[in-house]
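Look for subunit A in each of the two complexes below; its partner is subunit B in the first and subunit C in the second.
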Partner chain A sequence: MHIVVCAKQIPDPETPPSAFRIDAASNKVVPAQGIAPVLSQFDGIAAEAALRIKEANAGSKVTVISLGADSAASAIKQVLAMGADEGVLLNDPAFEDGDSYTTAKTLAAAIKKLGDVDAVFCGRQAADWDMGQVGLLIAEEMGWPVSIIAKGVTTGGAGLQIQRVVEDGYETVETPLPAVVTVSNEFGEPRYPKLPQIMAAAKKTVTQWKTADLGLDAGEVGAAGARLKLEKLSTPPRGGAVELMPGDSPEEQAAALVAKLRADKII
Partner chain B sequence: MDMQRTEEQQLIIDTVRKFIREEIRPLEADLDPDAYELNPEDDERLRAMVKEMGMYQMGLPVEYGGPGVDIVTRTMLAEEMSQHRAGLYAPAYGAFGSSPPEHLYKGTDEQKEKYLYPVIRGEKHAFFGLSEPSGGSDPARSIRTRGVRDGDSWVINGGKLWNSGADTADFGIVYVRTDPTKGRQGITAFLVDTDTPGFRVQRLVQVLRSHYTTELSFTDMRIPHSQILGEEGGGFALANDTLAHNRIPYASACLGIAVYAQELAIEWAKQRVTFGEPLANRQAIQWMLVDNEIDMRTSRWIALDAAARAQRGESFRFESSMAKLLCTEAAGRVIDRCMQIHGGLGMAKDMPFERWYREVRIRRIGEGTSEIQRVVMARDLLNVRSGS
Partner chain C sequence: MPDLTAPTSPKNGRVGAWWGPAVGLSGLGFYAATTIPESAGREIYFNVAHPWAVYVFLAALIGLLVYGLVHHIRLWGIGRPTPGMLSEIPHRFRNAMRLGLAQEKVRRDRYAGIMHWCIFSSIVVLTFVTAQVAIEGDTPIKFLHGTYYLIFSFYGDLFGLIGLIGVGMALNRRYFQDFHRIRWDERLEDHVIIVGLGLVLLSGFLVEAARILVSELVQHPDWAPWSFVSFVIAKGLAGFAMEEASVLTLHAWTWWFHIASAFGWLALIVFTRLDHLFFAPVNAFFLRTDSPGRLAKIEDIEQQEVFGVGYVQDFTWKQLFELDACVRCGRCTEVCPANISGQPLSPMHLIQDLKSHLATVGPDIQTHVHQFGDAGREVSPVAMVGDVIKDETLWACRTCGACMQECPVMIEHVPTIVDMRRFLVMNEARIPATAQSALENLESRGHPWRGTALERTTWMEGLGEVPIFDGSQEYLYWVGCSGSLVERNLPITKAVFRLLGESGASFGVLGQEETCNGDPARRLGNEYLYQILAQQLVETFKSKNVQRVITNCPHCFNTFKNEYPQFDGNFEVLHHTEFLSGALKTGKLKATHAVSADVTYHDSCYLGRLNGQYDAPRQIIEMVPGANLLEMQRNFSKGLCCGAGGGNMWQEEIGERRVNHVRSEEAVRTGASQVISNCPFCIQMFEDGVPAVHPEEEGRMRPFDIAELLEESVFGKR
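Then we have the complex of A and B:
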């Protein structure tokens, strides 16, 4: 089985709020000084899901693809260090400032170019923009079935058996291959890379593909092909206010708190 | 000169950093501020994780079954592993294992069977017995522990001071004067089992850090001649280079706590408002933070330079002394400034600073004092026997 893991490099979510800045003129996040970008948390989990299937099915292969700048090669290397076999970086100035649609279109073009792919695993959403669209749109581009927000994935039945997180538990679905799966944090923690695999990963060359390599047109990728227009990016105003819950006992205070949260439509 | 991390180094560093942040720091929330070990279950679980990662005893040479991670990478990793409250003296609470005392590699095959391999397997623990009440800076002259040959063995009388871990160790490397007429060449290193009759832990010596040291006494302790490590009279010839080697990660571990302290101080300076402005807007505070950065970056550079020279097989004794001196003193200044920026909170046991402040002070004494590092450098610089 050949599984593709889509991995995105994002600003470190652990960046302290005080180091987070937005450039209002360009509507962009200013990279925090001295804080290296990281692999999106959910993509590491998707990689873990793919690697477990690889380990359970001899002869399987995992390829990691990332669309991003030069620095995204380090996100690819991280997944290679976890045990993935090959890495492809989709790196072209033309890809910049796209949206979920162009990202999915570009990734799908790379998946088609690889040819023999049986399944694509994505994180449930990228931990920077939290859109949760790319996995679905890749499936659309490929014409494949998609199962989202998985807490478990194994081979079996028609192809893959997937436990999908739903509001009050989970449901088990079966999908034929090829298919797309998006993996959620309920799946569990990704593994730590092992030293020998780190050494092997460091020696591997990451393949680089540009627009032309994918048979795409500069007009249909990146900013040129984007369908989503970002109107305004801003940080939420920060402030604090304290409201003490009335009540003579913890029980009364808890009841007052619940009533208040309900009234404010928080729960 | 190229000080860029290789891709491999970066991946190892990222892995260790994640481990410290996600596995170690959260546990410290529930530990006593002075704890230097984990509860046994966590300890076992984390060691098992690290072994699975192939990162246990990273400095252990390949020929002894270890990964043989090079000195430059280990210097970088020492800075990562100490980035938590107990990190200076208990990096990752020992989850990454420790390498055996370098001297043991110089032992005979029999000694390796008896001591080196069990230490590697974690079955035996060693202490290091050089310093005595009569002085640690100049052991060649100050060692009074005396060994007298009697047939196939030596009878040893005297004592040692500051022996970390001797009360729980299975054996120690003990420096003994075996020929009073020969000065430096009259000192011999012995492998001494702690259950030898006449060996006694006289008292536990409490110090600034949370883990005490010991004072030992030896009374008519009979040690077979075969327990000599290296040559008779060759105690100091043993492992001179390797000791200088160890000084480099020892130095960069100090930078780790400085890095973490600086991170906390920058955040605090941005949050804390006085007289209507965050501390970060005050030049007095800005300059402290900048001085911290200067202290850390300059000393890191020197430590990596020393490690790189050692790795290339060049002479590095001067540089390793300089690194030890600079890193330990720089870290002391950084911690001190970060405490100042935190005000009262900087003194609280809720924060790691007060522990770092105490422990980093020891680093200017242990492994050769700052003055002794200067003595070593002066000897090199002036090509004289003694700068003292």
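Then we have the complex of A and C:
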């Protein structure tokens, strides 16, 4: 089985609020000084899911694809160190500032170019914009079935058996292959890479593809092809205030608190 | 260089001069002996048929000892080479004398020290006594007569008696006292050794008494009292009014019993922990000569096949050798914070488990290694790391060094434990989730504090101009991740900053450019990550022309001071307590405001035990007017870890209790209102531990860094 994992490199979600800045003129996040970008946490989990299937099915292969700038190669190396076999970086200035649609379109073109792919695993959403669209749109582009927010994936039945997180538990579905799966944090933690694999990953070369390699037009990718327009980006105002509840006894204070929360439509 | 032999406190640093009485007594004997005629002496092999049989015993014993040694040497030989073992020979020789022969560590337990000295000196002296008898009897050299003979008799009896006293003390501890540590791994041999020695000594006295009864008491009653113990026994025997023939029979039988039991007892060296007779001084010779705070560097890490030690033959031969030196005394386990808290680690059992693993799989590996090289790795059906030594055992270690400090045979547990952790982390990637998260954070964010909302410059707020280090200042003030990214520690960082400024020191900080120096990665076993971080930082220091560093944190201190030289980073490193106590002494800082409080002081492992700095912090406390220092029961080199060392700051504890609760209890018991430490981890552990053991907020003890205490005294209350 050949599984593709889509991995995105994002600004560190743990950037301290005081160091997180937005450039109003360009409507962009200013990279925080000294804080390196990281692999989106959900994509690491998707990689873990793919690797477990690889280990359970001899002869399987995992390829990791990322769309991003040069620095995104380190996100690919990270997944290679976990045990993925090959890495592809879709790196072209033309890809910049796209939306979920162009990203999915570009990734799908790469998947088609790889050819023999049986399944695509994505994180349930990228931890920066939190849109959760790319997996679905890849399935659309490929014309494949998609199962989202999986907490468990195994081979079996028609192809894959997937435990999907739903509001009050999970449901088990079966999908034929090829298929797209988006994996959720309920799946579990990604593995810690073993050093021999880190060394092996360091030696691997990451394939780089540009617009032309994918048979795409500069006009249909990146900002040029995007359908979503970003109007304005801003940080939510931060602040706190303390209000002490009146009352002579804890019971009275509790009653006052409940009344207040009701009035503010919090409960 | 602390050599892990530091005193428990200045007051009881030395166990008194126990050899004094022995010298006094012998002086007396010498004086009296000057009046003795040359003819004094005795018949060697008196009343013994076929005395040559002794040499058969001797040959058998030597054969056994050689066999045992060869067997062991071959087993140790499966280990890797141990670099540097023959450097600094004079220093090593001194160690062998001090720690091996003079048994400095054994004496850290006073009772055991006296007991052990009695037995040890008795065996040494009596071996010489016996050898002299053999020389007199079986060679043409004749010297056992006259004054010398009587002195010889006196010494023989004196040390026989001393030996019996030692045996009595040992029997008392083993059978009549509620003394636990020696029973944690008690075996049949322990009883055999001590009872056997008692029998050897008693039978020796009986032989001599029987001989005196029928010879000296009859012929030279004035010589007899020199063998004062046997003399008394002979007098006692005389009371039974036995026939001379029965006394001679008694003599002959006890003589043979004495000889057989003595050789039998010596043969135990080959089969029991009595082998420490040889191994302890040799292990003292091989004891590391560098700082115990330093972990070995894996050279050419990228070229290794296996990372860390997961197979017994990947230990160095020194590590294998020391397994055999262990005497199961339990001292290490008794002081181990993990063990004290009911967590799954006992350093003694760890060493013993490795020892029996070596004995089980060693011989096989030996053959395989010689036949197939490293393929011999696969030989054992049980995994050393995982089956023999459990993962959670390795993770429970705080690298506090208390075990190494106490071990009377100088076993170094920490490097062995960390070697196996290295295997777990780098080779197997088996690692507790929270520790993994700290390591991942180190990799991607350059600090171990996942989820912090602080920046490396947050602490500077409200301090005015903070000088950035540019090479022109004398000192780099190294704040460290904990000093800048953990809310509780910001006041400590500010306090050190203000005090440095007040002292007039020329210093700067790195601010945003600080990155973790790698200590948590190394302690958690990720040597690869550590090396990357260390190399980077050494480069940064060099490029900025850093010469002198002052640190907040004893872990940073230890890393820069003891470990960065492995990466060609040689800097002069001071912990803030060292700088501040110096500034107080030279009058650059003046502690003028009284801080009226009873305080207790907690020795952090990395400043205290592993780097030998016990005085500077106490001097600061003494110079703060009003502060009254109340020592905890475990202090100085016997101080108990706070629980956070060795990467345990980032792990969930498993076991009955938490180490910081145990230590907080000890601090609270002093009745002090503040517990003072010198380490951001210790402070966090107390912040957490004190409320847990002292739930009422009223009158609860509060943890402070020593810099906070001094800040209040220098600048007044904020």
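FYI, the second predicted complex is superposed on the first by the 242 of 267 C-alpha atoms of A that agree within 3 Å, B and C clash if a C-alpha of one lies under 4 Å from a C-alpha of the other, contacts with A are read in each partner's own complex, and residues count from 1 in each chain.
Throughout what follows, a residue touches a chain if its C-beta (ideal position, glycine included) is under 8 Å from a C-beta of that chain, and two chains touch if they have at least 3 such contacts.
Everything numeric in this text was worked out from a predicted model, so none of it was measured.
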item: Three-chain arrangement built on subunit A, subunit B and subunit C clash or fit; value: clash
item: Most subunit A residues touched (candidates subunit B, subunit C); value: C
item: Touching partner for A:77 - first (subunit B), second (subunit C), both, neither; value: first
item: First, second, both or neither for A:173, with subunit B first and subunit C second; value: neither
item: Which of subunit B and subunit C A:224 touches, first, second, both or neither; value: neither
item: First (subunit B), second (subunit C), both or neither touched by A:35; value: second
item: Partner chain in contact with A:193 - subunit B first, subunit C second, else both or neither; value: both
item: Touching partner for A:201 - first (subunit B), second (subunit C), both, neither; value: first
item: First, second, both or neither for A:16, with subunit B first and subunit C second; value: both
item: Subunit B and subunit C contact sites that coincide on subunit A, given as residue numbers; value: 14, 16, 18, 192-196, 198-199
item: Residue ranges of subunit B touching subunit A (in the complex, touch as defined); value: 6-8, 10-12, 14-15, 18-19, 21, 49, 52-55, 58, 67, 69, 266-267, 270-271
item: Touch list for subunit C against partner subunit A, complex; value: 302, 307, 425-429, 431, 433, 436, 439-440, 444-446, 450-456, 458, 512-513, 528
item: Residues on subunit A engaged by subunit C in the complex (per definition of touch); value: 12, 14, 16-19, 33-36, 38, 189, 191-196, 198-199
item: In the complex with subunit B, residue positions of subunit A that touch it; value: 14, 16, 18, 74, 77-78, 81, 192-196, 198-199, 201-202
